[in-house]
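One chain, chain A, links the two complexes that follow: it is found with chain B in the first and with chain C in the second.
Entry: the complex of A and B
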């Protein structure tokens, strides 16, 4: 209803290879939208078509209901933050930021005022006369952002802008970007292959693979209710149990893994082919116990083979009977600092999870 | 020890330059102060004062004008060509760059004489104009100033194109996309980005064209007429025909000083303009 950008049946071919296949997407006004996927999934191609650098082979891109495809890139009010920053090396910070405003022939007085404002927003006051090569990576990043935002675009496209930054700076920029977007209210379309960036910043995420969108939803949706195996494996960690068949019983769904493992689940029956179905459960949804599982739980006996220590928590690799392996997250301390139960490699434990936990994932 | 060895390696080229470049220039410099190699008459400045004769001054000024025109002409044609070549797909780029170099595979004299078949009274242009009825009498195209400048442009243009291609190749394509994204049309992208970023190549190319054009004598010899010979012709005549080696030497020295002054002034100005650029390219 208040869709700012509507993409319908968007397709881009490179020779015989479809980089983007029949893609449909609605982006709402003012949201922080994230296109997430591995490299080669078509997310950059999609962005380039929105910006107008590449022309689609078929499909529509509508901004406020007007078709964009025939509009040349320099006339679209959609600005881009490039992965390589693409700052003009022969212009100083002021002239870089002024570039777009000068192209649209704004009076110099207004340009100065807007740039002053913008530099405040990105905390770069006093850097007007510096040249790009005299700035650090993080500062260049801000200039690129300012150069795009100062034009007050309807949409800001960000192409993996944080990829070149070191870990610490990236975390800081994630928070800053999210705050900035909320403050100025411009619609952001953020491209990344980094799930953490998507989960921390986005209002909604579209997970892409092989030129198609696999799932669209809030970070919560995507993490807790992945729609298929790709999404589940791409976002966070997931244990997969390949299923042989499933059967509706009085107690719930009786799942039989191809390893012979059998257990009850209270998930709803997905009513699809079982052959390509699997049961996914996240490491933090599985508990390790020395005692037998409770009533509401499924539990299997296994042996701890490895511990991967992360400080506050550890990931334990547990071998169940029938060759099934599970990763289990174990909290090492309570917030009060009290040590929790500790486990040793080689120890026999029960791996348990709630019958309502996990998800049934199609291929 | 290592440094010594590497400096020993660089000695042969230094030796070569000293013997075959610096020494001849020194000899010319000394000759220019003699009474045509007659050492008994002592040294003199008359060879340098002779250049103030309006006859020679005119030739010198004409040479400068021709060289500037040839440089501008090469730039005018070479810049769009370099732009096109640089932004072609890799396969076509190699082919086109090779084509720029193809003229070097043929002797320069032959190539200059080839212009006779184009500019001559019965050449391509006149034949076409006569045939189409635009003119009744063949135009005098050969042996004119225009023919000389044309020949200079033709001969030197690869030296303009190649450095500009090199400069443009270093340009990041995403810079051009960024400019487009910020609202620049093709013309503005060219003016605001391509041109300033290619300026080191343009400066280098202009120098590479200007210097040989200024000293050229083959092109005006063949394509020029009575009113279009250049300082190079005068120098050649002093050595080969008039046999006044001392005057020929003083003209050579003057030409060399002019080139040095001109190029250093040009570089200094270019550096001021593209100082920021030079720092990053």
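Entry: the complex of A and C
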């Protein structure tokens, strides 16, 4: 209905290797959409097909219902922000930004006005006469953004635009980009291998691996309800307990790990092959206690082998019986400044989690 | 080993033996040219003895009609060759570095051929080609012959420049609405013109310099400066040749330094 971009059955082969396999995707008007995946997962190939730099072997890309596949890149109302910036070295900032407007033969008066506006938006007033080589990485990034946005595209594609920036600048640009997108309302398709970038900026995320989408959802969905083991391991930290079999009992699902651990879970039965199944639980969902677990909890005795200190919190590595290891996050103090219970390496504790916590993940 | 400057005591750029080798190398390269220049001012008819300073041979050169015809021919040929081979060589470079063909490797090897095969072989084969088509030997045949090898040099120089040009710039330009022709004129050419200029200058100097191929492919009335000098030598070496050579050295030195100056100003 208000799908701006519809991708159906998109496939791209490089020789025998399918970089993108039968990909389906709907992108809504005005959303900040993130394609997230490890390098080589096909996200950049997908982006290049949307931009028109590569032609798909099969499938459709529809913008407002019109198939784009045979439309050359310069006739698509889609603009790209390149990872390497790709600013024209022989043109100054003004002429770089004016490039697209001049190609579409806009009057110079309008070009000047729009560029002035755009430079304000990206906070680069007074840089018109500078050449790309005279700008810092962050400034080049903004010029690239301005050069694409000044054309008022229907979709802005961003190919890992923050990858080349240092940590501090990247965090700042994440906030700026998200704000900018909300302000101007242009649909963003953002490509990254950095889960943090995706979680902080996107309205919706598609996690990709091996040329296919593994899961699409809001950052919340993806983090809290991963659909499979890949998504769970790619986003955030996760403890995996490999399962041997599971059984429906009166108390709930009785899970038996291949290490011999047995516990009850109140998760719903995923009804699929147990052999491919594992139980995943995030470090912050597991608690350490000196006393026995409560009624609603599962708990196992274990020994703390390491503490990884992060300041506000620590990750404790706890060895359970039967060789199972768990990472457990422990808050070191409360916001009021009161220190919480502290644990020592070598100490014996109970690792506990709520019976409703965690997820059952197929391969 | 010398320890005068401990901070830069690396590499081979130091020590007495190194200076001796360097100086003898420079002497070997430049002493003949130096002697040639000195003897162009010799008042004597023969190069063997020094009779006193004089501009006599420059005056004789100035009034030597056939010599000026040869210079005129050389400049016409060099200019025409530069235009033709720069244009075609640049096109070849663009095609070979920006598109994928079947037999890509073959095209690249063909491009290198005129550089590696001996001049004599190329000269004879061009002569046979012209004879086969009953093509009258003259300025045009020399220009075509020069272009046949200059194109390769231009193409290689321009290709080197193109390989340093980020492909993403072209994609960015297309993304911003430029068609192929606009990508060429507004993005590729503005970024590679120093390479095209260098290729053109190379074609020009190759043309001025060439003897073997010109000798085989020129006809009546298309004698160039190298051919003229060669024929003069057959009638004995006079200091007029020294004078001509001195002027040539002066010109090429000026040309090279002006390019350097221009390059520096651009940066």
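By definition in this document, the second predicted complex is superposed on the first by the 363 of 363 C-alpha atoms of A that agree within 3 Å, B and C clash if a C-alpha of one lies under 4 Å from a C-alpha of the other, contacts with A are read in each partner's own complex, and residues count from 1 in each chain.
Methods note: contacts are C-beta pairs under 8 Å (C-beta built on N, C-alpha and C of every residue); 3 or more make two chains touch, one makes a residue touch a chain.
These numbers come from a predicted model, not from an experiment.
Superimposing the complexes on chain A yields a three-chain arrangement in which chain B and chain C clash. After overlaying the two complexes on the shared chain, residue contacts for A:73 are found with chain B and with chain C alike. In the overlay built on the shared chain, the residue A:90 is in contact with chain B and with chain C. Of the two partner chains placed around the shared chain by superposition, neither chain B nor chain C is touched by A:253.
Looking at the shared chain after the overlay, A:131 reaches chain B, while chain C stays out of its contact range.
In the superposed model, A:151 makes contact with both chain B and chain C. 51-53, 72-75, 78-80, 82, 84, 86-90, 99-100, 103-104, 147-148, 151 are the residues of chain A that lie in the contact sets of both chain B and chain C, per the superposition on chain A.
Residues 51-53, 72-75, 78-80, 82, 84, 86-90, 92, 99-100, 103-104, 131-133, 147-148, 151 of chain A touch chain B in their complex.
Interface of chain A with chain C (complex): residues 51-53, 72-75, 78-80, 82, 84, 86-90, 99-100, 103-104, 147-148, 151.
By the touch criterion stated above, chain B contacts chain A in their complex at residues 172, 174-175, 177-185, 188, 192-193, 196-197, 274, 276-277, 279-281.
Residues 166, 168-169, 171-179, 182, 186-187, 190-191 of chain C are the ones that touch chain A when the two sit in their complex.
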